[in-house]
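Pasting a structure here, questions to come.
By letter and in written order, the chains are A, B, C, D, E and F; residue numbering begins at 1 in each of them.
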Amino acid sequence: MEREYLIEKIISLAIEEDINTGDITTNALIPEESRATAEMTAKAPGIVSGLDIALRVFKYIDGTTVWTPLVKEGERVSKGDKIARIEGSYRALLTAERTALNILQRMSGIATATAIFVKELEGTNTRLLDTRKTAPGMRLLDKMAVKAGGATNHRMGLYDMALIKDNHIKVAGGITNAVKQVRASIPAGIKIEVEVTDLNETREALAAGADIIMLDNMTNEAMAEAVKVIDRRAETEASGNMNVQRLKEVAATGVDYISVGALTHSVTALDISMNIVPNK
Amino acid sequence: MEREYLIEKIISLAIEEDINTGDITTNALIPEESRATAEMTAKAPGIVSGLDIALRVFKYIDGTTVWTPLVKEGERVSKGDKIARIEGSYRALLTAERTALNILQRMSGIATATAIFVKELEGTNTRLLDTRKTAPGMRLLDKMAVKAGGATNHRMGLYDMALIKDNHIKVAGGITNAVKQVRASIPAGIKIEVEVTDLNETREALAAGADIIMLDNMTNEAMAEAVKVIDRRAETEASGNMNVQRLKEVAATGVDYISVGALTHSVTALDISMNIVPNK
Amino acid sequence: MEREYLIEKIISLAIEEDINTGDITTNALIPEESRATAEMTAKAPGIVSGLDIALRVFKYIDGTTVWTPLVKEGERVSKGDKIARIEGSYRALLTAERTALNILQRMSGIATATAIFVKELEGTNTRLLDTRKTAPGMRLLDKMAVKAGGATNHRMGLYDMALIKDNHIKVAGGITNAVKQVRASIPAGIKIEVEVTDLNETREALAAGADIIMLDNMTNEAMAEAVKVIDRRAETEASGNMNVQRLKEVAATGVDYISVGALTHSVTALDISMNIVPNK
Amino acid sequence: MEREYLIEKIISLAIEEDINTGDITTNALIPEESRATAEMTAKAPGIVSGLDIALRVFKYIDGTTVWTPLVKEGERVSKGDKIARIEGSYRALLTAERTALNILQRMSGIATATAIFVKELEGTNTRLLDTRKTAPGMRLLDKMAVKAGGATNHRMGLYDMALIKDNHIKVAGGITNAVKQVRASIPAGIKIEVEVTDLNETREALAAGADIIMLDNMTNEAMAEAVKVIDRRAETEASGNMNVQRLKEVAATGVDYISVGALTHSVTALDISMNIVPNK
Amino acid sequence: MEREYLIEKIISLAIEEDINTGDITTNALIPEESRATAEMTAKAPGIVSGLDIALRVFKYIDGTTVWTPLVKEGERVSKGDKIARIEGSYRALLTAERTALNILQRMSGIATATAIFVKELEGTNTRLLDTRKTAPGMRLLDKMAVKAGGATNHRMGLYDMALIKDNHIKVAGGITNAVKQVRASIPAGIKIEVEVTDLNETREALAAGADIIMLDNMTNEAMAEAVKVIDRRAETEASGNMNVQRLKEVAATGVDYISVGALTHSVTALDISMNIVPNK
Amino acid sequence: MEREYLIEKIISLAIEEDINTGDITTNALIPEESRATAEMTAKAPGIVSGLDIALRVFKYIDGTTVWTPLVKEGERVSKGDKIARIEGSYRALLTAERTALNILQRMSGIATATAIFVKELEGTNTRLLDTRKTAPGMRLLDKMAVKAGGATNHRMGLYDMALIKDNHIKVAGGITNAVKQVRASIPAGIKIEVEVTDLNETREALAAGADIIMLDNMTNEAMAEAVKVIDRRAETEASGNMNVQRLKEVAATGVDYISVGALTHSVTALDISMNIVPNK
């Protein structure tokens, strides 16, 4: 499965860049047959994401690793909460530690930030979307973390949804033409979104049969009006310079979705530590 | 070259996860033979890093892309400064845009933050080091950005330097043994660093022949004393909970290096935009 | 690009399985520097598809190959019509010949058969769809050939559209639940199709918000009624045991799409020959 | 083993193109831990081929799959006969179904057609050969199916036998020279076949030491005479425009082999269905 | 082409293991744009082999390398003779030097030793064969070097010829059965060799239709008799404990081939140096 | 782990080049389910190396192989000593035999030769080093064999140590500059070695802060003097035209290391046989 394949690739790449010809310190000092047990602990409050992926890092290096998650994907933890227990080859635990933490801390950081945004939308019908502004190679994992934080995924990439933007429209000679050409070209199961910046464009996109209309960098007032014009005949997405302060009032315009790039392009890692003790 | 290979891999993975079976919108609307010119512009002040890598993203998709960098790797830009001009296939520019920006913005964000830390160390003999807390798959690029920001790279991974930590020492039965065993095992060209937490361990590491001694989570006073004890017979690295506020006083202890994980584990992307205009 | 990547993979696999450690006959007899010119000729009437792919086979083996297509992708040819002229390394032409023809003949065979089905639908609003019953590894190329023959592509695979079938519905406890759960799980840009077998299910699928409703193995009368019930609030697809004889009357039911597996699972290659003459 | 490797490649490519980032419907609706049992049933009479390969598709996606074949490779089935029972992850069964069937149906289609040709040769000393006109990437599997249908494999590709054709002979300046040069160049264990079109060429090929002589597009009378001239000092192969009607009389010429391209270039899939029921 | 692919793989593996994350010395000191010219010189007399492969090493690292061979593949050189001139990126020359020399020196060492054996067979009808006792990953290159030294290649591997040995015969219940079963299983173009140790086995192999008979560890007298018995109805190969001293008398038995493992399993590298001078 | 990855690659490449589309003889004659037991026996005295790697070859082909080593890595054996017992699929044992032996014989040959050199250094403080003159693709295994023979590994490649040579020094404008530039460029954990040819250069390298000084092609007298000048402030390596006869007197100069290329560039395989008996 390509999904598994992409995940495998980023894990193997992360391991390869770190380990390369071997963890020369650990290989010199820790006997091959030693086993140990580690615990991961949250050093700050947040939402945990990436448990399955961290496990795969350990398994990648040592297939006999036994992993006992102590929280669930997407669960909130307080400072000091245990996150997981890992039993396995002592060498493998030391060698995999940094790579596993790098992934877990980034994903949990994303989930933690996402949850803050999602909380702002409570009580509205508006859902939070992510964007394609993810770390290179981490698209699937970044988006998985966004989901763990309670938001909805926007398109995964350029292939699974048509998003007609400014440049496309100019070349096609207008929104109507652009939608028509795209519809004739893409497989039958994929929606078309059109980026608009005012009411005229909104009306044209609607008439052209857009499935989703992206209200790009529009004022809250303009968005509210667009939502009224569209009248549920297409879905609506507010986009551009979103931050947690604006979120509630943007939702008040009635848009179906708000998309936020910062969820994944500017991440603060959640502080998580790992303590390893050799088995008796 | 593995270096090229690792860079190629993260680029190809980033492109693959985004493009997959194709940019269905662009392929439907932009004629295959159209060419266009794009400009990248800083939307905030900072240090630019990753120009060569961004270029490679465009080249990966369209080998005929012509790239004219308007600043140098590691150069400071102000808001509104042009960063690069790119001429190539219109389709390729649209398809590669997001991936190229994701890389350039992350690397420039790292370089920008690094430069703030480095500035704190001006006038001292202490150099700033990065860590292995990088985004998965981005190790080489994250470290390249740290260099662009003016700092020195710590080890690239577990393979190119021995770093003897707590767990290793316990298993080996003390620092002296640990250093000896490692020296017997690793190739002749690689240094040994030992992590210590007090003066006794510092003295033992020094006697054992450590090339570098990492003063881990020690107070500034303890570090100053350790530096005196070591007396340049080994290099010294201050590590643990470093932030920009502490940097100057830590440097005042006389350590050779200070390592800071946040440089790469919690990155704020530098805002950079790309504007594309079709060629006449 | 994954699309390019998948195409590259099937080409390289086809070449590898044929050439392996080398075309031992040609390498022994044809001087490395000899160049030659080949012509491909249709030995039977049909629609040509796969020209770009055949070219890539030659280029894969010899980058200097010059390829002059004499017809366009999707163009109809008569017996005896020249399809393409190829100039390049004599060795490469001989070595690549079979692989290039295997691809071109299969794709042209698919396009030719598709065109016959499409012709049946002329004058109706119903469009012909392909299925996932393609030759292993040839999905993209088989679907490209279907397009060249004038039909529309159904989903490319399991990833780019949700298709809720019998088994899914049972587990979810009904169509309504199934659609709801899928909508909550998939990215925002992807449509949901529901397979139904009678009017009750049709109504439930419509109420649940299905984007497309697949009328599976239903009589023409039942389909006509379903189309009426749906009344353009969702798209409709007729599926199951379709053949060229039935096509017109199925279209008369008013369905938007008819899907036909035989287009790609039972292909008769279009007969194409290649004649090679050494350059003077 | 390259053989395993080529099979693995076509399987992984077939799965990748279908599943890509995941079976989004099944993943949304079927619990990860559910298990189910499937049965494959012939919907038409024929020869079954590809059982091991179909199993590998299921195993590729879920290593715990238990596969119980109910017929043997190459066995004849009637409409309604059960072919195999498969127990495993419910998700995996749904996800792998189409890919497994695509392979099994194609291979069984080839075996079924081959058996019809082979039957025509019963009571003669002539054996049926396949050609290199296989589906791209499916060479090994197509040839495996031909064997299951009772025929003999011709060369696997350009690497495992020398076949000197028209173009080669011209460049070498005659058959004699061509055979001599090839013999000097190839490893000691590989046979040389020469393509001839009349009796003179037949005699020259024989004198040159050809191991096999291909009688290309010759009349039955000419072939009979050639067989007499050769008098078992080399093997003989009849080739060109063979069909099931001609087969018996061509065999009557006494040739050792008859090769038929249509066995693999124009395949009608054998209709096979798969029914999945969840385990209690 | 698999051949190219296998060569590419061993080259890329050799480069990867040496260069890994980069030639850190050269990258630090030699400006990226510097160009230089190198000359390779024989430091001992011998036969040169591997020129094309050495070139590919340089090209792999720098596509702009210009390579001027000063001798031909298989040509004899004296101490001090120039072998090749290489112009290219200064960095690339320094980085590729060791890998290119490692290949060239091994292959030339093999060719040089082979030529000594071949010289012993001058004036006889017996040809020298290599074996499968090659350095791992170097099969194609080791065999290419054997050819450059004037010998003939035995089978490339387990796939391109059937060689029935002791263990096989026991399981099959005798030579006759073994040959019959193999013939029924392998493609039509591949020869069968049988290993025999006395005259009885020789006769049985001949009667069974073996294409080649390997006389394994037999005395010269026994081999001479076997050759007589066979009387050119099959080819013959002498094998086992061959060395340069025995060669002439073994040839005198009339065998067609003598195979020698030491040609490739115990290689003395030919001493070749490379001198690099920067361009003005 | 890259280390594992490189080992996996050379094993898979060795297997692929030998087996390719399959061991056609064994597959035709040995039933798939047969199991057998093999013993490896030394046919000459030496040091065994590569046991783990040989095991991996068998496991690669048949995961159920049971391997019982009868000696340890680096252990000395006499002619006739059993080295290992292997139980597994009969087919797999026959198919893997040659590849496993090729690796084991080469590595044991290297270890055996190394031990002879190491013995010469007994009673001195000088250690034997290998070089980068290894067989392409075999770097890690060749170096593992050198260790098994009792010597120390020099750098693994161009990436894990800086070695400043003639060409580098010229471009940098002297040793002092060269060392300074390299230090500024490489990660903090890597040593710098400088190649010198006389006392002046030795002094400059020492003053520049070289960690290791390579005394290249110097007389024993000059080396003794250099060692005195350096006075343990840097490590020293004697290099150039070393052979077993010179070793003792070179060691007498007091150098820390002597490096010998012939250990790996001109290897005589240790003769090892493998006898296979089917299980009852």
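Note that in this section contacts are C-beta pairs under 8 Å (C-beta built on N, C-alpha and C of every residue); 3 or more make two chains touch, one makes a residue touch a chain.
As the structure is a prediction and not an experimental result, all values here were calculated from the model.
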Any chain in contact with chain B as well as chain D: A, C, E, F
Recurring contact interface, reference C-D, options B-D, E-F or A-F [over half identical by residue number]: E-F
Distance between chain centroids, defined by C-alpha means - chain B, chain F (Å): 33
Chain D and chain F, separation of their C-alpha mean positions in angstrom: 46
Chain A-chain E separation of Cα centroids, rounded to whole Å: 53
Per-residue overlap in chain B, given as positions that touch at least 2 other chains: 2-3, 6, 16, 19-23, 95, 140, 156, 159-163, 190
Chain contact topology (line, ring, star, complete or other): complete
Residue numbers on chain E that touch chain B, as the complex places them: 15-16, 19-23, 61, 95
Contact footprint of chain F on chain E as seen in their complex: 2, 6, 9-11, 13-14, 16-31, 34, 90, 94-95, 98-99, 101-103, 105-106, 109, 132-141, 156-165, 167-168, 170-172, 178, 181-182, 184-186, 190, 265-269, 276, 278
Chain A residues touching chain E - in the complex, by the definition given at the top: 20-21
Contacting residues of chain C [partner chain B, same complex]: 1-3, 5-6, 140, 156, 160
Touch list for chain E against partner chain D, complex: 2-3, 129, 152-156, 159-163, 187-191, 193, 211-212, 235, 237, 257
